[in-house]
Structures are given as C-alpha cells and as structure tokens.
Amino acid sequence: MTRVYHNWQALAVLVLVASSALSLPLMSGLPSGGSTAIIMISLIAGALAAMATQLSLPRLAVLAVAPHLAAWLLLAQAGQAPGQATASFWVLLAASWLLAWRLASSLSAIKARTRGVDLALRLIIPTLFGVWILLLWEAIVIGAGIPFVLLPPPSAVAARFANSLPVLAADVNQTIFKSVLIGYVLGCSTGFLAAIVADRFVFIRRGLLPVGNMVSALPIIGIAPIMVMWFGFDWHSKAAVVVVMTFFPMLVNTGAGLAADGHMERDLMRTYASGYWQTLAKLRLPAAMPFIFNALKINSTLALIGAIVAEFFGTPVVGMGFRISTEVGRMNVDMVWAEIAVAALAGSVFYGVIALAERAITFWHPSVRGG
Amino acid sequence: MIDQMNALASQIKPATAVSVPVVEAKGLGLTFETNDGPVHALSNVNLTINKGDFVSFIGPSGCGKTTFLRTIADLEQPTAGTLSVNSMTPRQAREARAYGYVFQAAALLPWRTIERNVALPLEVMGFSRTDVAERIHRTLELVNLTGFEKKYPWQLSGGMQQRASIARALAFDADLLLMDEPFGALDEIVRDHLNSQLLELWARTSKTICFVTHSIPEAVYLSTKIVVMSPRPGRVTDVIESTLPKERPLDIRETPEFLAIAARVRDGLRAGHSYED
Amino acid sequence: MIDQMNALASQIKPATAVSVPVVEAKGLGLTFETNDGPVHALSNVNLTINKGDFVSFIGPSGCGKTTFLRTIADLEQPTAGTLSVNSMTPRQAREARAYGYVFQAAALLPWRTIERNVALPLEVMGFSRTDVAERIHRTLELVNLTGFEKKYPWQLSGGMQQRASIARALAFDADLLLMDEPFGALDEIVRDHLNSQLLELWARTSKTICFVTHSIPEAVYLSTKIVVMSPRPGRVTDVIESTLPKERPLDIRETPEFLAIAARVRDGLRAGHSYED
Amino acid sequence: MDRFRDKIIPVLTILMGIVIAWYIGAYALNAPFQRDLDRRAGETPTTYEFVVKTMTQPKPTLPAPHQVASNFFENTFLRKVSSARSLVYHAGVTLASTLSGFALGTLLGILIAVGIVHVTTLDRSLMPWIITSQTIPILALAPMIIVVLAAVGITGLIPKALISTYLSFFPVAVGMVKGLRSPETMHLDLMHTYNASKAETFWKLRLPASVPFLFASMKVAVAASLVGAIIGELPTGAVAGIGAKLLSGSYYSQTIDMFSALVAGAVVAALLVTLVGVAGKLVERAMGARPA
Amino acid sequence: ADAVTLQTKWVAQSQFAGYYVALDKGFYEEENLDVTIKPGGPDIAPEQVIAGGGADVVVTWMAAGLAARDKGVPLVNIAQPYKKAGMQLVCPADGPIKTEADFKGHTLGVWFFGNEYPFYAWMHKLGLPTEGGPDGVTVLKQSFDVQPLIQKQADCISVMTYNEYWQVIDAGFKPEDLIVFNYTEMGNDLLEDGLYVMEDKLADPAFKEKMVRFVRASMKGWAYAMEHPEEAGAIIIDNGGQDENHQVRMMTEVAKLIDKPDAKLIPAAYERTAKALLDQKIIEKAPEGAYTTEITDAM
C-alpha cells in the first residue's frame, strides 16, 4: 500500500505513455519521428528511476533529466505545427509534469544535513515549480494555438523583455523609485507616527483606531481618479494614492502591536517607575515589531498595486501602469506581460528585502527562531 | 561560589533587627469587579512586615497571595483599608524605586541578551555605564550565570531564566524584595541551592523579603515569619513567627523544631483548603 | 469520595505481581541533532518495567526523563539500543493503543468542554456512543470532577484541568500509563490528595505506571521502583526498589523507612546534579 | 454609559474633525476654479458669497460633505431599488460579485493551506509563488482578464468574482497555514499517542485551532474581495455596480456622484467586515472561547 | 434569427446611437438578426475582444484596426458610418497656446489606448518631438474627463466634438474662451468609428450576407437617430447611458460627423490614414485588403 502511495506518479506515467501511443502523432499533420521516440523513452526511463521509496542519487539524476528533456522536445514539436496538438501531446505533457512532481516531492523529502544543501533545496524546489508553470503555459499556448493577442507564450515575453530593457528601466524608475518608494515611506512613517500619537492620548486612540480599522477595510483604490485630479499627472498623485493606501494598515497594525506586550512585562516596567517614553522604547516598540513588519509586508504589495492602477487615470507617457494600458491598446500583449513580469520581480524583491529585515530585527520571535 | 559568599557574609555584619515597619496593612481589602460579579481577592488583611523580615506567603491557589504582593507594588489599588510601604503610599514607594519584584514567570524580554535584561532596570533608573557593567557582573555571578551574559533568554533552560529574572531584581539593590513563587519552575536540588543562596544574601544585606511559595518546607526553611492565607475571600488565617535560628544549614529541615512548624503550617493550610481548586 | 474508592478497592482484589515485562530498554540511546551539535539526551539506558509496577523517574532538569517517556510512547525514535513495549516495538504498541499519556501541562483543547475533552481519545478510537457516555461519567467521577462536564477548560482552576487531563488518559483503559510531572502545577495539599487517589486507582486496576516527578517525597510515596537519572548524557544512575508496603497512608511519609529511601534518592540526585541548570 | 463615554464620543470627535478638515479642504481645492469662473464671468462676489459658491459647484474638485450626503441620501433612499440610478441597486450588484468572489477565495485559500500543511512538496514549492502572485498587478490586468474570459464565453458576474477570488484567497491561505500550524506540539503529540490519523488530527485539532486565524484573515479577505469587485466593474462597460458608478462619474467629472459611490463602497465594506466579525465572534462563542 | 454580437469602443452613449436605436426600434429583428451590444470601457480593446472570439463585429478607429492587423489580427473594415473625425485639441484662450507654432515646450493631453495615433501623426507632420524638452511637447496620458484643463495640468487637452468639448462648455468656458484645433479641419483626421470583422469569417458567404443585413439595419438606425435625436438620447439612457440632455446634444453633434448614413468608406481617407501610420512606423508594411466595399455595395 505505501509502495503504491510513493510510486503513484511513476505508475501513472507508464499508463499515460502507453495510452499516448493510441493517438499518435503528437501534432496532426506532422509525422512521428525519432523525437517522439526519445520523448517516450525518456519518460519511461524517468518512471522506472522513480520506482522506489527512497531515491538514490543516480535515480534522482535520471528523474531530474527525464521530464525536462521530454518537455523540451515536446515544445520543439509544438513549435513546428502550432495549434495542431493531438491528445497524445497532452497526455505526454501531463506525464512529464507528473514526473517533475515526483522529482519535487523526492527533493522535499530530503533532510538536508548541511546549511548549503538546505539552502540549495530551498531555492531549487520553488524554482522547479515556477519553471513548470512557464513550461505548461508555453506548451498550452503553442499546442492549442491560443491567439497571441489573448495570451502570448513566455518565450515571446522573454524576448520582448530582453529587447525593451531601456523602456522597462524608465518605467521602473518612474513607478517604483518615484511613486511607490516615496509613497510607501511617507505612508508607513505617517501611519506609524499617528499610531504613536493615538497611543499617547487615550482619547485619540479610542476615536482613531476604530475609524482606522474601518478605513483600512475600504476600497481606497477608488480614490485614485480623485488623487489624479488633485495632485496632477506626475508621480505625485500616484505617491498620494500609495500614502493613503499604506497609512491605515500601518496605523492599525502598529496600534495592535503597541497593545501586544505582555501584562507582566508592562507591570515590570511599572515597578521600575519607568516613564512613558522609556517603556515605549525599551518594551513596547520592540514587542510591536512583528506587527509593524506585518504592515510593512502588506503595504509592499498594496503600494505597487496602488501606483500601477493610479496610472490608469492619467500619467506622463512613462510608467508601468501607463505601459500596460497603452500596450494592450496597441495589441503588444507581450510587452504587457513583460511589464507584469517586472512588477512581479520588483514586488518579490521588495517583499524579500522586508522579510530579510524582519528576520534580522525580530530574530527573537518564536516564528523566526523556529525556522 | 558558596565559599566566596560565606567569606563575604562574615565580613559584613548583619543589621540588627530593629522593628522598623516596612509594610503595614490595616483592614486591607481588594475586590475585583468582573462581569460575573465581584471577586473578593483580599479582605480585611492586617499585617506588619518589619525591616529585615523574611516573610513567606503560603495558601491554596487563588487565595490572594499574588494580589497582596501586587498591591504592595502599586500594581493593584486596594478598595478598602490602608497600606503603607516605607511609611509612604505604595505609589510614592514605587516612584522612589523602593522594591524589586520577581514575577512568577521569568518575564525576560526576548530581544535582549541576559546581560541586557539585567541592565534594563539600571538603564531606566539612569545608572552610570561603568556602574551598570559592574552590577551586571556582580548579580549574574551571584545567581551563577557567569558565562551566559550574551545568550538570549530562549537559549536558556527554564531554571536559568528564572535565575536571570532574580538577578534583574537584585541588580539595583532595592531594600524590599517581592518574590512571587520565584522557584516554582525549578527542581528540588536547584531549589535547595538557590534557597540557601537567597538566605545568604538576605543575611548579608538585611533586605526585607516577601516571598510567595507553594512549598511548606521552603516556607519554613526560609522565613522569619510565615503568613498562611485562605481563599474566598482571601484573608490571613495564621501568622507564624519562626523560632529557627538565623543560621540555617540545609539539614535543619530534619530537626523536630522544623517539622513542628511545618506541621502547623500544613494544618493551617488544610483548614483553609477546598478540594475543588 | 475517598471512602467510596476505598470501598471499591476492597471489593476488587489487586492483581498479584507476576513478572511480565511491559517496558524493556536495552542499551537505549537517543541523540538529538541540533545546529549547535548533537545533544545526548539518553545514553545506554537499561531498564525493565514489569506489569503492575509503579515506577517514578526523578532527576535534574534536562536529564532525559521526558525523553525516555516519549521514546516509550513512540514520540521520539531511539538512535541506539532496543526498546520494546508489551513485547512489541513502540510503534506497534502505539498503534495498538497500549498506553495513556499525561503531559506535563494539562493540554486540554480549549474549544471542547471537559466531557468532550475526555471523549476525544474515545472518538478517535471509535468507541460506541453509549460506551463513551458511560466512560466519561465514570472517569470524571474518579477524578472528582462530576458536575463540571459542561465547563470549558478556562473555567476550571489549574488543578482541576490537570485532573481532567488525567481522566482523559484513563478513559480508554490502557494498561500502561505514562505520566510526565502530572502534578507539577499543583499545591501541596491538592497534590497529596491526588497522590493518594492515584495510588488507589493503581492498586485497584493493576495498571503499570511510569511517573515523572521532581519531588522526592512524591516519588518515594508512590513508587514500587524509583529510577534516578542524571544528565549529560542522560543515563540511569540508580534504581531503587521500594520496600514500603502496597497500602500507604499519607503519614507513612514520617516513618524512618520512608525517610531512608528518600535520603538515598536525594543522594543519588545530588551526585548527578550540575548546578548549571 | 461608560460605553458612550469611552467609545462613542471619541469616535464621533474624530469623525467631526474629519468633516471639518473636509470642509476646509473643499474650500481650498474648489476656490481656484471658482476664481477662474468669476473672472471669466466678470463677477466679484463677497467673501461669504464666494465661500458658498465653492460649496455648491455642480462638479467640484472636492465636493463638500453636505453635497455628498444629500446626493447619497437621494440616490439611496429616494430611488426605486431596481432603478439604475439607485445606489442600493449598484451596491447590490457589487455585493453579489464580492460575496461570490469571497466565498470562492476563502474556499481556495483553505484548500491551499490544507495542501501546504499536509504535503511537504506543496509547502516547499508553493509558498514563494503565492507571495509573488500578489505582486502581479492583477488590478491592472482586470480588463484583459475580462476580455480573455469573455473569449471563452464567461461573462457577467463570474469574471468579476474571479478577480475578487484572486485577491481574497491570499490572506486566507496565509492565515490558515498559520492557523493549521498553530496547535502546540503537545496537542499534536497527544493525537499521536491516540494513533489518530491525519484526517482525525485535522478535524479534531488543526481545524478548530485555526478558527480564530480563519476569521481574522476572512476580515481582510472580504475587504480585498470588495476591491476586486469594484476594479472588475470598471472595464465591463460601466453597466452596473459601485465601480461602474465611479467610472461613469469620473467620465463626466461628476465628483459628487463619485464620492457618494465611494461612501456606498464604504458602507458595504463596513457591513461585510462587521458581519464577518460577528460571525467569528458567534463561532468562537459556540466553541467555548472565554469572553473578553 | 441569426445571432450577432457587437462590441463598441466605449460605454453606452450617443456615439453608438445608431446601433442602440436599431436594436430598440426592432430594425435588427426586421432583418432576422438577434443582436447583442457589448458596451466597451476604458482599456477594453475591441480588437482583442474580436480576436478572442468574443464578438462578431466591432466598432473601432481605423488606426487601431490597422495596427491590430499589422500585429496579426486580420481585421477588415466593412463599413464606415463616420465620415469625419470628431477629435480636436482645445486650449484655453488665455493660455500660452494660440497657434500650432506655440506648442513648443508645452504640455498636451492625449488619449492613449489606440487613440493616440492621430495626435502623433499630426506632431510628426509638424516635426515636433514628443519627448518633452524646450523644443518638443510634453505628452500626458489624459484621463477620460476634462479636469486637466480645469485644473490647468495641461495647456491643451484632447476632446471629441460630440462629448468632452461640451463638458468644457458645461464647466463654464464659453466657446470664445477656447482655441480649437480640429483634426478634420486641419486635414489631419484619421478615420474614426468604423465596423470591423475578422477576415477569415468574411470568406463565408452566409456571414457576409448576415453582415449586409446587419449594416443595413444599423444604418437605418443611424438615419432614425439623426432625425430623432431626443428619442435616441432616451434610448441611450435606457441602455445605461448617463445624462439625457448631454446624450441628445451628443447625437446632434454625431450627426454632423456621419453626414450621410450610407456607411461607405471613402478610399482617399483610408489611404491617408494608412500612410500616416506607415510614416510613423506604427505599422510596418502597407496594409492590403484591410477594407472591403462589398458589404456596403450589397446594401
């Protein structure tokens, strides 16, 4: 029973490869050749290599090569006759994907002995996942012949990306380094200061926190056109949207964080007859750090979205939001996706930097200590 | 280390006990208002603690031991009677930094190393840099934590954390020590060890110590005065003045005198006890 | 309630102790791999626990008591030697639901009432509805919690929670009880009370009990066998067979025989003790 | 009485402050255009007349609170609910896609969290991508999504709901991963000693333990879902919904209409968040949580 | 009845009155057609919709249509209801811009999303760079309203004769307060709202015949709308339009652009449009077969 459980992907691959033989060729109108044979053989080899509860290193190596070789050849086939994929193409694609899954699960089962191996696994496994999303996307778009203007294949996006670096750089400069960063810093810091003020004066706290809680649930993005009206076309209005979007999460989270220190710790400071600012600096702000970082993380994605969407309502002719909306109108869908890739990349880096800072600063928190 | 402390203790003469009241409670009462109705945590407590006393509080769970200590520390406000600390209100005493408090849990700040934790009250109270360093060194040595200065609390065992929190309360040399079950998390041997160290310290510095415990032998071993409390409402049912000498080796615990006091405490305890808790 | 149990106990004859090994450890070792390097929690432990034994484990903090119990329960995997439970591997024993485990903290699920908490293992093990109801009733009565069935854990005092967790471990009538400092959080009076109840239960049902404690009197009072452990690496330094009779009134604790055993345990303990923890 | 003093008065004071700031802002922002108008018309009004004029423009840069209030009142209470001019109607449309997106998103989030907690492969490979997914400006993609889905014949409520789903699954997934991992080791060990299966551990331990996390993240998710629905309505041709109202308002610079649409959005948001909060409280109460 | 889905370029307004009137008055039904009109919106590209199969026929501007064709979406113009372009650039008379010579160094508002081509063609003709600086013009992506003019964020903005121009007037400007650059009058006009279908579908005679009926009914709708602007406005409001008076006025303005409701494409205008796009390299090769008169000829 457990044997079957561990090997179900491999078994399924064998079944799929066999059944793919029924509906050859891979592309209608394209004769099956040596490449089809290699695909099937490598898949079978991969499946056989995967037939074990614990995978040895050579088996793992075969498993690492097989699905990717097969997928690569499949893509090559699809490229020769776009939109002509037959059932057997899809079946073999599914088989390759199952093998890749098996590879990922055997990699995740490895208990790393050294830090280096652990780090490598931490990077390889999610990368594998990402690579397969792109592979499947490419195969589906090309195999099924989806119109370019609806969804371009990743390869076209990558090509466009490489060819448009100066434009992309200018857009990043406008949207990220002006609107997002400035708005983010302003919004987060004013939100933080407001939380301190609210904490200092009970009356303001009682009034402001419920209102802040309310407002942070509102669809603030709706003010984007109004901000453009008020602050003009350039990045100032985008930064203003970002400020408003990031202000309230920071206010609310910092407020919650300042209430999060233990009663006993607060009593401890009282026994020292510690003053407000001393208690704040030595106890309450450090205790609030996990909450503050939570807001910084939430805000990092909000800021990006806010700035890009605000560019839909008027902008100089540069910027990521501008490019996205303009290039859709020009049917340059590959450029749109290149811009999205940039946004995802920038957003992930932004998030990653904050996450690293969090690890460094809240090193003491159980969630960080635990791994 | 014990040797070293003995040496110290013989150099410094223990202060002779003149009856200066440090804590005076008269008709003290404290009622918590909860949504289930009022909880009478303390009721008509009359108690005088003199300078140099070592007072243990013992009683079943929920009888108000912690509440009484917290009231002394100005962490709770009495709802009846009067309470003075060093002839001041508890609030003035707190603001004069009259006492050190050891909580039941260690309550160390996880983002500070052990030495920074001990430094915390010193920073707040504005001690000089060199003084701080010297005091950290001295108190950590006292609780046997030398070598662990740079560790974070979670890197220490529960017992070591507890000792660090005691060091923190000792660091600024308050004359009154309030200790709420400080040795609850420790095993018998470590407890014995810390008990004797605490006695040494007390004998040497003539501090006044209020000490909450669940252990009868511990109470008897340590105290000059044992306060037995009983719950609902929390009140003092017995105050036992210890007849044991100030010098107490560990094996004093097998003497008939010791056992007699222990038996009296046990009876007092049992009387006030309800098995439901 | 004690009377009632006494009545019960006199009806049921205690099973005569035939030496059937329930737990057998041979050269048992367990090393944790941590990023600071390996921690030798257990090393070369040889121990046989027979059916009907009441075995106490005592030793300084960190000596591996919990780890040993967890290894028996198949919650940790030994890295050396062999361990059998009811002549099976620990894993098979666990899958056969051979034991009940009482954790150091009560570990009640806060969203279940006391009776639903006791029902938890019964649900998992697929007892019938009526059987479940009957067992809840019986075990809650045994630990003196009748009337608190519908209460949530936070509505009970620490001692009552602890008793509920004991009831939960008793509910499915495993022959082997593993108890990790079950009375650590209780005050002396409640502890005495529960100790005698546990003894009654044990005498009546001839269960095998493994019991971790920090209290020397408790260990001596309860056990037929006391295992003294010492740390770094965790190992068994002494196994003391108790010469006390099976019938043990509370005042047996003042007899010379009792004190002699206690002294031997204390010596064993002190020998293996390191003040660093 | 205490509740009044400690809760209501401070909130009212803050709201008052906001309204006053709003009036001042309305004057400041509307004054320049009013000056232009007067100059072109050759009028020289008194200060009082001028102030009144800045508060009564038909298309002000920032409408005054009373303008928004009366517009909101008119379009909410004085119109037939079925009429395309009724804010209730538009709020209803938005609510429908918000709720369906929210339901889908919550379900998806829970499923992902269950997968991540139980399957190591998913845990290792999925988490970074879930975070990346939220850095994609889905809102900027909304028009394309609407078009692409229309190409496969999916129109109406579903595309909007899918955008809401995309935005709302994230907080639920993250919160539930935390929640499902929140049981203490001791409780997990307890289940292990019972030889409980993964499923039993899930139903009896992990799931109940995750309930507070679930409701906390559902509060965030429902707000995100509303944003998704509104953005999804922008490119569907300004047919119906709060987003459509915002769009057609902006299309004709009808700032008053836009603001009252925003107010409607705020009311819907407050309602939804409160509802989730109350549901959470009820569930937790039923589960025996200690009253605060 | 034969189903036809029409995707318009923008939200329901009198710009598309002919189609809504034809639907409302039953002209489509008379031709045995079951027509669905999908309103557009900001950032809905009709070219994308039709490429994805979401519509049978779309209303779009020729520049966008040809650009899409260049990108591999084979759109064919089958009818051209709008004879003249409605785009113009307006500037406040008290501003810095009085003539084309004043543009240098100033900021101009432009609609993007496929509507920017006429503007760039014009600037190309004037030899003005559009990257800003003292010798060129600064371009702003303009929102869908006239706020940039009121807020003085741009020196001139794009308007349609039938729509935004009147919003400027409504905002308190008098016609004499405005300098107007009309693309048609300047001879810079590129063809606007035309009907486009996918080339491969046209190969099917049944589809062609269906389109003949569709265009015929639509133009009947247009003719009716031009005669009854009030009624057309009301119909638009019934279909989700806003502001009835505005829609009626829009209809009368649109009528001027339609001129004669025969939907015939004027080849010269087509050639000019194609050339302007080629000159700016918006399209790479001269379009071939991008229009057909077969449908309008068969009407």
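Here are some notes:
Each chain carries a letter (A, B, C, D and E) given by its place in the written order, and its residues are counted from 1.
Throughout what follows, a residue touches a chain if its C-beta (ideal position, glycine included) is under 8 Å from a C-beta of that chain, and two chains touch if they have at least 3 such contacts.
Every value quoted in this text rests on a predicted model; they were computed, and no experiment measured them.
Following the contact convention of this document, A is the list of chains adjacent to both subunit B and subunit E. Farthest chain from subunit C, judged by C-alpha centroids: E.
Inter-chain contacts peak for the pair A-D, counting C-beta pairs in contact.
A centroid comparison over C-alpha atoms places E as the chain most distant from subunit B. Computed centre separation for the pair subunit A/subunit C is 49 angstrom, with centres defined by C-alpha atoms. Spacing of subunit C relative to subunit E, judged by their CA centroids, is 85 angstrom. Centroid to centroid, with C-alpha atoms defining each point, subunit A and subunit B lie 54 Å apart. Between the Cα centres of subunit A and subunit E there is a gap of 39 Å. Not a single residue position of subunit B touches two or more of the other chains. Residue positions of subunit A touching 2 or more other chains, listed in rising order: 150, 225, 229, 312-313, 325, 328, 333. Among the residues of subunit E, those in touch with two or more other chains are 42-43, 45, 48, 52, 143, 147, 151.
A complete list of chain pairs in contact reads A-B, A-D, A-E, B-C, C-D, D-E. Here subunit B touches subunit C in the complex through residues 60-62, 144, 157-160, 186-190, 193, 214-216, 254, 266, 269-270, 273, 275-277, going by the rule given at the top.
On the subunit D side of its complex with subunit A, the touching residues are 6-7, 10-15, 18, 29, 61-62, 119-121, 123-129, 131-132, 134-141, 143-144, 147-148, 151, 219, 222-223, 226-227, 230-231, 242-243, 246, 250, 255, 258, 261-262, 265-266, 269-270, 272-273.
Here subunit A touches subunit D in the complex through residues 101, 104-105, 107-109, 121-122, 125-126, 128-130, 133, 150-151, 203-208, 210-211, 214, 216-219, 221-223, 225-226, 229-230, 301, 304-305, 308-309, 312-313, 320-321, 324-325, 328, 333, 336, 340, 343-344, 346-348, 350-351, going by the rule given at the top.
Of all residues in subunit D, only 184, 186-187, 189-196, 200, 204-205, 208-209, 211, 287-290 touch subunit C in the complex they form.
Those residues of subunit A that touch subunit E in the complex are listed here as 147-150, 225, 228-229, 232-233, 311-317, 322, 325-326, 328-333.
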